[in-house]
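Below is a structure I'd like to ask you about.
Chain naming follows the written order as A, B, C, D, E and F, and within any one chain the residues start at number 1.
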Amino acid sequence: MEFLTPSLNKLLDDWLDEDLGRGDLSAAALQGHNGRAFWITKQEGVFCGGYLAKAIFSRLEKSVTVKLLVDDGQRINPGQRLLELQGPAHILVAGERTALNLAMHLSGVATATSVLVEQLEGTGVLLADTRKTTPGLRVFEKYAMRCGGGVNHRFGLDDAAMLKENHIAWTKDLGDALLRIRSRSPWPACIIVEAETRDQAVEAICAGADGVLLDEFSPEELKSLIPQLRALVPGQAGFRKSGHIVIEASGVKVEDLRSYSQTGVDLISTSASITKSSWLDFSMRFEPILSFK
Amino acid sequence: MEFLTPSLNKLLDDWLDEDLGRGDLSAAALQGHNGRAFWITKQEGVFCGGYLAKAIFSRLEKSVTVKLLVDDGQRINPGQRLLELQGPAHILVAGERTALNLAMHLSGVATATSVLVEQLEGTGVLLADTRKTTPGLRVFEKYAMRCGGGVNHRFGLDDAAMLKENHIAWTKDLGDALLRIRSRSPWPACIIVEAETRDQAVEAICAGADGVLLDEFSPEELKSLIPQLRALVPGQAGFRKSGHIVIEASGVKVEDLRSYSQTGVDLISTSASITKSSWLDFSMRFEPILSFK
Amino acid sequence: MEFLTPSLNKLLDDWLDEDLGRGDLSAAALQGHNGRAFWITKQEGVFCGGYLAKAIFSRLEKSVTVKLLVDDGQRINPGQRLLELQGPAHILVAGERTALNLAMHLSGVATATSVLVEQLEGTGVLLADTRKTTPGLRVFEKYAMRCGGGVNHRFGLDDAAMLKENHIAWTKDLGDALLRIRSRSPWPACIIVEAETRDQAVEAICAGADGVLLDEFSPEELKSLIPQLRALVPGQAGFRKSGHIVIEASGVKVEDLRSYSQTGVDLISTSASITKSSWLDFSMRFEPILSFK
Amino acid sequence: MEFLTPSLNKLLDDWLDEDLGRGDLSAAALQGHNGRAFWITKQEGVFCGGYLAKAIFSRLEKSVTVKLLVDDGQRINPGQRLLELQGPAHILVAGERTALNLAMHLSGVATATSVLVEQLEGTGVLLADTRKTTPGLRVFEKYAMRCGGGVNHRFGLDDAAMLKENHIAWTKDLGDALLRIRSRSPWPACIIVEAETRDQAVEAICAGADGVLLDEFSPEELKSLIPQLRALVPGQAGFRKSGHIVIEASGVKVEDLRSYSQTGVDLISTSASITKSSWLDFSMRFEPILSFK
Amino acid sequence: MEFLTPSLNKLLDDWLDEDLGRGDLSAAALQGHNGRAFWITKQEGVFCGGYLAKAIFSRLEKSVTVKLLVDDGQRINPGQRLLELQGPAHILVAGERTALNLAMHLSGVATATSVLVEQLEGTGVLLADTRKTTPGLRVFEKYAMRCGGGVNHRFGLDDAAMLKENHIAWTKDLGDALLRIRSRSPWPACIIVEAETRDQAVEAICAGADGVLLDEFSPEELKSLIPQLRALVPGQAGFRKSGHIVIEASGVKVEDLRSYSQTGVDLISTSASITKSSWLDFSMRFEPILSFK
Amino acid sequence: MEFLTPSLNKLLDDWLDEDLGRGDLSAAALQGHNGRAFWITKQEGVFCGGYLAKAIFSRLEKSVTVKLLVDDGQRINPGQRLLELQGPAHILVAGERTALNLAMHLSGVATATSVLVEQLEGTGVLLADTRKTTPGLRVFEKYAMRCGGGVNHRFGLDDAAMLKENHIAWTKDLGDALLRIRSRSPWPACIIVEAETRDQAVEAICAGADGVLLDEFSPEELKSLIPQLRALVPGQAGFRKSGHIVIEASGVKVEDLRSYSQTGVDLISTSASITKSSWLDFSMRFEPILSFK
């Protein structure tokens, strides 16, 4: 994350306002002091949130300097310094909680992702996220997912379509549903079908789906089904190569990741790195004070 | 368009505020009257904007009723009534200009699109739009494009990636650029390469592009190039079928549409239906007045 | 346009967000490069949008420099360079489409206006716009109108009042309607009456209207009516001089502008320079690259 | 005020948020109760704010009913009931302070205005406001001014232009300044010149000003100057009649209003009804309670 | 006020937009000039609004310099210069009214407060404000109150709870109401009970209220009641010391402040410094002009 | 949570927009169908988010009905139905993810809280939260904390002040810092001192702190320190009774909660129920379909 759109910058403002309310009462004890501070991690993991910390403090006052000592996506160890801040004391305190909360949460997501991704190492299978993200934080949590080594699934209901159980129930005819969605969608938008049976998966591909998500199949079922699906489309080898139908597994327990990775799937999608992760624990330490004015 | 997201509803509010400013001065002459009004078209074409008119008036006051006499996407003829409004006179006047301006512009876009689409009739080639849209109106203009028979291209810089001349210039290596974009993108996001030479087109497909946009090629060049490109990927027949590489032509003059449609391209993208269209001319006629309270 | 209010700056942000969505996917291929670019026009006309381009890029990042090579309102010729940009490559790409779309559209409006204004040259009659403007762009389109040599009519329902057919229908008594509007309006607000008959025009002036808009009268009718109207108010000669009743013609076809200009009207109002204009075609060319960081 | 634009409705939301913050802590003691309440005035004056109270409570919850017992602009006496509310107790309490604060302030403005207007009774001279209004409340305070019998001056820097001392200082040539403003303004926008000497006043009218504001002249000076100014423009008799140059006095002490009203001025502008007014004192009395659910 | 939260900065933008509307028409006469200006007070009092003026002009353009010649909270005398501005003439004019209106109003509040606070001098009794503040200006008016020597009461319905007559009426049991509010409130939130009888006051303290507001008691009643209340809680001496129950009087006429200050109350709350204050009168004087570019 | 402020409602809109982006592509397959759906929990725990689900769907369309089958704060068991929805199919799908994500996360927080609170059962010691909350969700996460049986600490930097290590470092003199904060704070705002040594704790209370937070003390240290602190203020027995100094422990490991609860502290504050909780897993099941229109 090296650039924030105007609306993301506005979101940072909203988050600062959430903590500041009508103004920091304790600022009265800080006015007129300059300070230096460090972020230090108490836990190991994968860092995420340095660029955002920089952006948050700069929303409050341009004169604050934030020096990143660790890049987003880098591994960190207990006691390590993550970034260094310098500026008016009341500004450092005003942005402290918002910036730390965001970074601690995102680093937790990146760390949890990296643990899962490790299990897939060497298999060529990718770990993808889902739309189960904390309201308001999707862009940032998906960024953390990438920092941890995962790949992003669609960002919303509008950048790719997924035909699920309920869509199929309503429309009855999967092919017809797919056609209606295709004609209303921008042409580069992929349409993925969530299949719960072999037949649905086959039907989806024949109807022109760009990918199928195989939900709650066992590794054994997948092993027999996937070659059959691949045979339907004589495309190139390799993920997202033309003609390579994308096959995704979901509903996979964390402990089964390894066995699923050997079924021929392209990717496994999971919300676990968001819904089951804990925050990493960082603290902000203040240094010798320089009085100013 | 049968549903507006919260942010699109807010946009309608902003547009009403633009015309209302600090309030309609002429309302003083209307207060206390109820009215009925019709929209009538002075020109033929394709209508677009009925659902939005409904939404605009309902933002001002729930009690206004708007009855659509023509559906979006339907052909209209001079003198035809398009919709009927009923409600407090000062509300009808307050929303009149905003709703009409939007519908007259969008109907102009839909009509211009339909004229171009007609030229492609029977060829199976689709007409796509571009990102050359009026600031603030993209979602609506792209909707009008669909109403006129076109298909939408990507909606922004985020729902599909397009590698253009300048990206390639900077990165030098097309394959490397494509890889970097792929790894940062949600997996279902298509990557399209704008090619200006045969070699670039071939390189793009080999590097795994989901589509190529052939800019300012002649019909003859396309006729010889396209089969060569198709041969690179042994996919299914049919647009957006798995394995079917999407080939798009751009930089096509309106009068050449027909000859380009016989080159084997899947779609022709043009901004003409937005940048060169005129508004359709509608008027709002007020009917016998019923006094109220 | 040399200064943007806070709300207009916010509008630029909204437009950038419209194109950027959740972030430019292609930025991944540009990160770390600096660039220079030029805007070049492919068509002749009147330029409009340089100051706004400057503002748009500065919303994204202060470090981008935009050097205007042509002033708003100046004539331009095919191949001419319009402005020069320098800054981080991913920022140049992020703002490109929004800034160009706006400038190409506004330059189209300015150009169309200038063509109409030329027809009135030497007659002393002014060309005015209307409230038929694209939703969200009124302030900018009216600015483009001025760049093309036109004069602005009111900006909304609140900065001047216009009594139209429907107001008169409801209130029955024109004089009474005018009085009610006058008493609710800020005193410097002009009240204009749209008259469709001679009698309405006379009645309007006698009732104290600041101007009359004569809709769909023929040049001959105007020639006989206008002296009669002027005689009602023995004011100074010259547009907007005290006592000079302002007389405006509307519903004029573009080809009849010249003959209407010889009827004694002060101004002719038309929406044609907005509703019937095409965008001018500009392109953004990127130059040799300087790597940075 | 019988209709609120979207942005004014949003302003009411902002004001409710200001008082509610993160939510009313005392609501816990009210939940599940329904209530009825009355607004009662402790002081006499002119009421203003009933329609706005209605709007405020309806922003919180549609089910609240607000019955206006007194119209805006009506005189009220101590002990009189102003409006009646019915709805969920926690909603009545949530909107109470915001609605009352607004109405008490606006009624103070309306009352102060009416006291000044009384002094002008029978003279035909109008009392106008200025741009000295409380930030955020201009539209509402100007409405209160009308409720008290005054007339509004321009609403902002954009709906009429006023050339003041400093503009003249910078431009040196009043006529040139006026011309530059005229050409950039919508044609129906009035241009008023604030004159501090006889010569400036004469120059202004000759240069085509729509009105002159004579600042800090004595009644005697005005008596001799005004006929001279009127003679420059042989217009109709009557305020805002065509050809009638509008002459305005400012810098008038409240106790001198009467003598200024006999100098031939059209209107006297003053900020006193806003800057020197006190709030009227209203209270909200709650009635027997009906439990619900 | 030495720091503004993002939402307060946004509020300043909204206020600038209120005055600027679609743009300052008179700017056309100022473009290209640089200027210097001073704020000068015509009246004596307590100044408030310098920091905000600085913020307002910096929202419009960073290049404007504002030098404060007087600190907020300082006494000022007629003719005294308050601050000095330098920058582009059209920016100085664009922010002039908004900044002055705010400062003149807030200085009026600070001055009115200081007059009341003087009456309490030497008594140790504090003057507190209420929630009767102008919509949108609470944070600023409460700041002005502090500048004038007062102390702030709660800022909204959410940072402390006050149990009033109506809450008690609905819940019947004061103790139960207090408990319900306590359990839903953040633990550091104070709960204050507005008591109208001796018994209510006693009941409130026994039920665990953090303070009692004694409304419309006479000084004599307070003198006998307060020691009785203090005896219920054997706390430390001194306002807001642990165990010191806070006793507040309200409904006090301005002329009775002194006698109420000798009853043993800790503070007297009043809305008078806001609801009954007048604006201080400042003017902005422009100085010799430096032309630029 | 039985009432949402305008700004919280706006937050729900922002969250819906986050998922909807430019509109749900799959809606094309659902248009014209009505549906019914249930939320079912796969895990046991404490429910939170029903009222918010109701609010979310009603933001999209008033006609959707949401029937709560379980109250917020109630225990739930696997397979249990939580709520029932009925309305247009495309609306149910549009709000599904946002409402579920919020409720699953908040139910996770409520559940984690309840597990910790159980350990304190019968001890009279309360569990409080902190400012370590997910950006944008503070009001909702603190509500979930209450649903789980906890008590809220302050909501931001403005509703209570906390003097921490760094404040003391800067100001050197704790008493002076406390005084400066007190004079700038609304009087009902509590000031809490975070003490890291016995001496600081004593100094804090003597200086007039409303509470002390004892960070990273051992249970043994607390047992000896707390009686000493209580002796400094001879107040009433009982939490938040007048004169009862509030003593809070922090930095407590989850497994030590029980032993800390026996040291005489009033409350233990922890961020664990937010930073270490997992989402509860709910699904939305769609039922037989009723076609409409």
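Here are some notes:
Basically, a contact is a pair of C-beta atoms (placed from the backbone, for glycine too) under 8 Å apart; a residue touches a chain by one contact, two chains touch by 3 or more.
If you're wondering where the values come from, they're calculated on a predicted model, not measured in any experiment.
The set of chains touching subunit B and also touching subunit E is given as A, C, D, F.
More inter-chain C-beta contacts link the pair A-F than the other of A-F and B-D.
With centres set at the average Cα position, the gap from subunit B to subunit F is 45 Å. Between subunit A and subunit D, the centres computed from C-alpha atoms are 52 Å apart. For the pair subunit D and subunit E, the distance between mean C-alpha positions equals 24 Å.
Along subunit D, residues 14, 20-24, 27, 94, 155-156, 158-160, 183-185, 189 each make contact with two or more other chains.
Of all residues in subunit B, only 13-14, 16-17, 20-24, 27, 31, 59-60, 90-91, 94 touch subunit D in the complex they form. Residues of subunit D touching subunit B in their complex: 2-3, 5-7, 10, 139, 155-156, 159.
Across the interface of their complex, subunit D is touched by residues 126, 128, 142, 146, 151-155, 158-160, 182-190, 192, 205, 208-211, 233-236, 238-243, 245-246, 267 of subunit C. Residue ranges on subunit B touching subunit C, taken from their complex, read 11, 14-15, 18-30, 33, 35, 37, 89, 93-94, 97-98, 100-102, 104-105, 108, 131-138, 155-167, 169-171, 177-178, 180-181, 183-185, 189, 191, 271, 275-276, 278-279, 281, 286, 289.
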